[in-house]
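Note that the chains take the letters A, B and C in the order they are written out, and that residue 1 is the start of every chain.
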Amino acid sequence: MSEGRATVEIAHGVPTIAVSTSSTLPNRTGSWKYIQPVYQDKTAPCNAACPVGIDIEGVMNLLRLDRVEEARELLLRENPMPATAGRICDHACQGSCSRARFDEAVSIHAVERMLGDLPGVTRPAPPRTRKEHVAVVGSGPSGLACGYHLARLGYAVTMFEADPEPGGWLRFGVPEYRLPRPVLVREIERIRAEGVSIQCGVRVGVNLPWEDLSRFDAVFLGSGARARESFEWEDQGLTDVRPGEDFLHEVRAGQRGRTGRRVVIVGGSDTAVDCARTALRLGAEPVVLFAGAREEMTADAEAVEEALREGVRFEFFARVVGMQVSEHADDEQALEAIRGMFDAPEGGATRPRIVGVACVRMQPAQIAVDGSRRTVSIPGSSFVLPADTVLTAVGAEVAGDVLPADLHRRGYVLKVDAFGQTSRPGFFAGGDLVDEPRTLAHALGSGKRAAIGIDRWLRTRAGEAVPALDEPALRYGGSGNMSITRWRGDDPVRRVNELNEVVAFDQLNMAYFRHEPSMPDHHRAPGESGADFGESNLGLSRDEALAEAKRCFNCGVCNDCELCMVYCPDVAIKKHPSGHGFSLSYKYCKGCGLCVEECPRGAMTMTREGL
Amino acid sequence: MKKVIVGNHAVSWGVKLARAEVIAAYPITPQTQVVEELSEMCASGELKARFIKVESEHSAMAACMGASMTGARAFTATSSQGLALMHELLHWSGGGRMPIVMAEINRALAPGWNVWTDQNDSLSQRDTGWIQLYCETNQEVLDTTIMAFKLAETVDIPVMIVLDAFVLSHTAEPVDIPDQKDVDAFLPKRVARHKLDTGNPQAFGALTTPAVYMEMRLRQQEAMEDAVGALEAIDAEWGRQFGRTWGAVETYRTEGADLVLVTSGTVTSTTRHVVNELRDQGQKVGLVKVKMFRPFPGADLRRVLAGVKDVAVLDRNISPGHSGIFAEETRAALYDLPAARRPRVHGYIIGLGGRDVTPATIEECIQKTRDAASAAVPEREDVWVGVKS
Amino acid sequence: MSQIPVSELIPRDELMTSGHLACPGCGGSLAMRLVLKALGPKTIMSLPACCWTIVAGPYPQSSLGVPVFHTAFETAASTAAGIRAALDMAGDTETTVLAWAGDGGTFDIGLQALSGAAERNEDILYVCYDNEAYMNTGIQRSSSTPWGAWTTTTPAGTPKSHPKKDLLAILASHGIPYGATASVAFPADLVAKVQKAKAIRGTRFLHVLAPCPPGWRSSDEETIDLARQAVHTRVFPLIEVEDGQRWKFSIEHPAEPVEGYIRRQGRFRHLTDEQIRHIQAETDARFARLEKRVKFGT
């Protein structure tokens, strides 16, 4: 522009008047600065919070651009079961969502679910690029994840499942109304399509000796924790006091599930809520007994909400102190009449029967030194809750009897390293077998970590060059779960000078966002929902989910909003020729920091480095 | 075409014939007739110009500057206090080399209020980088107005046409008004050397450091020096086309004179009358009329005054604490002559604030010069004539 | 979409070059960049004495891609009127004549010329970038300086004891076709207003708040946030006025307390809580008057 200005007649070295014919570009005003901005993509809190280890922000950003297929592919890189996780994962991501501090968290689970539910694309299984063969014991979520990732890394994978069908507790422990079987089947089919071979009805250690696995190059143990912690009232020969997991398993297996009319469920876990809602659907009157406050339950808050809507009764701050038993119940006749509607209890009427649960009211006490809240019983507050059946949902432990005895343990669980490697080389473990919260997400995440561990171990064994071990670099934000994409080093998302740190909320700039409430999931009407096993949470439509994705702040990651460029008083920022990101002219940038301050998503940083 | 018009209207006619494009002015006695007539001319369509009726003389000059820098032929007119208010922008337009033309009706400065003529207003602006041309008659006013545009646009220096309040501004005289087509041939449309042009975006007047400021002032000075010759050439061309020339400096009956009066403005006419009378009486008296005050035509004055014994400079102005300004400038110019040919310069302060300058006033100045010529040393440099004792 | 769209509303072409001499974080230079983007290259600028005299660069430089007339302090509007007249005579109706002045050149020394131009409804766009003091000369108070502010001529012991002049109301009282306030923190609004003004004939006046880190004693990177807060606290409401009588708020103004805005700026450091309450009360009263204007016209 300016350099092309017409020349002027000069004498004594000057024109007739002070006529400016050049621009100010010769002035290197960048030399004034003592600090300078850099573009630096960071980690979104959701990515770091996700126990699966998903580039949630990346998925949302692709959806923002309506690149739905790419978004699904990015999701499927890290999570083999988005349709499942979108339904039943406790979505820690949403708890960490920056948007929650502005209006409401992005409904990440609904977006994930929508992507998981999209009709699949049929394509050939990835080529077997590795000669090694890996055995996976157990087809629960950790096993499925491990097998899936290994198959995609080029390994042959054979999975052994004790039950007649794959899925582990997803198939047997999660009620149909939360995870419809066709959804699970589709997800498992997708994993199979990656080349994972699943052999059902094979309980390793029982009808396949552990020694037979020596023909495999590596083994992943993901057989779960079906065995349970004991509940003191279960061992008194009371057949009406039973583990909730067994009850759920029976119902999922197509049996009717044996309960009386009045069902008391003890516990605050997802299993407790699942038992209550399942019993409700079977026509019973469930009551959930929990010693603490509602918000202290480990169960998904939304599931609790749904249960309440459906008519499940909750007794909070109530603890079991004993079982009221009668050889001949007071209302035996009436009871029998009702029981006839259900399966008869084993053992017939001669066995002692539960007639009620003796309880005491609790109250919150002071906060303990470690920060945990304690509750204490209220003297004289005992009461009896009439009950025909008591279901316990207080936790499960590892079925140690079927695992090789030489594997080192820590308490109930197997001792493993960060990549799930047990004390026996080549043996890896994940899911409920290891010391992790027993959630779907952690199971999927541990399966992935083990897949990375197995890949690394096998490559090392084969004498191949493997990247130096930098565990934090593999983890989102340094401490989140590992990313298989990072391990593979084939991220399809272009990162700018990435810093593997979670961006803090105060690094974001809320001035650029409109308040826009989150779209709640659709539900079946309460009357309808408690009545049968049809799916109760209907999620969001595709368009709704896409709109929800566009609520994402893209925390920490440049999404080309161009505000930095708009606000640069020194015209030092231009679009990068690649079309993504920006180039900053340090020759002119005076280091004012407006770009960094105004970046809505904390994707820039001021630094003294390089000056 | 001959018309009997006042001096102010002679300005207006000159501006019209010069096809000024932008006029910006603020009324002040005794200039008002200039702008009234121009307003009529614009309103009737005789003159196709944008007339900005600004809210002050300062804005008048600013608007002329804006117009001139955008390539237009710009004109304003003012007087006295109005000119003083413009002062800052006279530097701006002069230093910025904008060929604006202004009619300046010489009026005394307040306080106390005085609307009558003297030259202190225009002469106060002598260092602003404007050419100053003083007129004696309405014909000269009209001719000079047209020539002023040509001169300004030739050397890129603004030109001030100066005429005495009332004595000229409001006095009707027959004026030969040239044909428009002849004036158009003499003064074509302005072609600006520099202008604000979106097709060639330049900035004018940016911060100018000590490294270059002085050279720009030198270029201004050189252009001012060129203006003397430029006026001579333009005047000659005018003469060829219209049969009248005015010159930067005019000599009148100076042949063999031992005493020459130096005058400017309408005092010249009165002085011509006195010179005629004294010549009839056999006195060797002559007259030099200084039309161009800036740039100062020192070389011309040295040429016409060398060897004259006594020079009496009549100043309708005063630089308080020093002397009449024409006298001061004339003395300075003649000092360069060899001593033998260097006249004695006598300065007289006359006619301030519109006090009448009659033949008797001039005669008194001549007598005082004769008296002083016989004295060894003049009592003082400036002699006030016609004041109460 | 949840993110408020900004960049797509800002024209791409740059008419201001890097290497200009503004201080880091200068609100006035950002304002210039945005205004020129909105106006485009068919613009001629009348630029009186102000920070931009320096920012534009010394001879033989110019950081501005449009023709610029560096003119005298008080003559932004009058010089612009002359430029406009010359363009009219040349038959150029397309070019916008932009008078670009600071608050000193607008509120104070140039007000007469501006008022004259506005009364004559000169066909110019006058933009005042307001940094609320004579910043180029080293932070002296102007009639735009807010009550209570420190400047080098209103030391902290005796800070400015007069309120800021309501310039838009003064301009509106001339009945000009368009007047508005704008802020560098609302670039899309600013650009839209300039584009709207560009399409209108007659005198158009835009008052842009342009924070000045050295003069406000604020951090360089706070410029936008301060400008935004000035709007959100109603200290500097965004408003338009057509034909001097139809007033309209440009946005919903949240009523954030002024204290947050005041306390961030070193120029207000000396103020007591009571003085800040006074500023709050004055701000509320001014806004209430504006609301009346919006509701009832002038």
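For the reader, a short list of remarks on this structure follows.
Convention: contacts are C-beta pairs under 8 Å (C-beta built on N, C-alpha and C of every residue); 3 or more make two chains touch, one makes a residue touch a chain.
As the structure is a prediction and not an experimental result, all values here were calculated from the model.
Set side by side, the interfaces A-B and B-C show unequal numbers of C-beta pairs in contact, with more at B-C. Chain centres defined as mean CA positions place C nearest to the mean of all protein CA atoms. Taking each chain's centre as the mean of its C-alpha atoms, the one that lies farthest from the centre of chain A is B.
In whole angstrom, the spacing between the mean C-alpha positions of chain A and chain C is 51. Each chain gets a centre from the mean of its Cα atoms; for chain A and chain B, those two points are 92 Å apart.
Chain geometry summary: the mean Cα position of chain B and that of chain C are 43 Å apart. Each of the following residues of chain B touches two or more other chains: 200-206, 208, 212.
Counting only residues that touch two or more partner chains, chain C has 56-57, 59-62, 65, 68, 70.
Touching of two or more other chains is recorded for residues 1-2, 18-21 of chain A. By the touch criterion stated above, chain A contacts chain B in their complex at residues 1-2, 5-6, 8-9, 11-21. Within the complex formed with chain A, the residues of chain C that make contact are 1-4, 6-7, 10, 14-27, 29-30, 33-34, 56-57, 59-63, 65, 68, 70, 184-185, 187, 213, 219-225, 228.
Considering their complex, residues 1-2, 18-29, 32-33, 64, 511-514, 516, 550-553, 561-563, 565-572, 585, 587-588, 590-594, 596-598, 600, 606 of chain A touch chain C.
Chain B meets chain C in the complex at residues 21-22, 24, 48-50, 52-56, 58-60, 62-72, 74, 88-89, 92, 196-198, 200-209, 212. Of all residues in chain C, those touching chain B in their complex are 41-44, 46, 53-54, 56-62, 64-72, 74-75, 77-90, 95, 112-113, 115-116, 119-120, 122.
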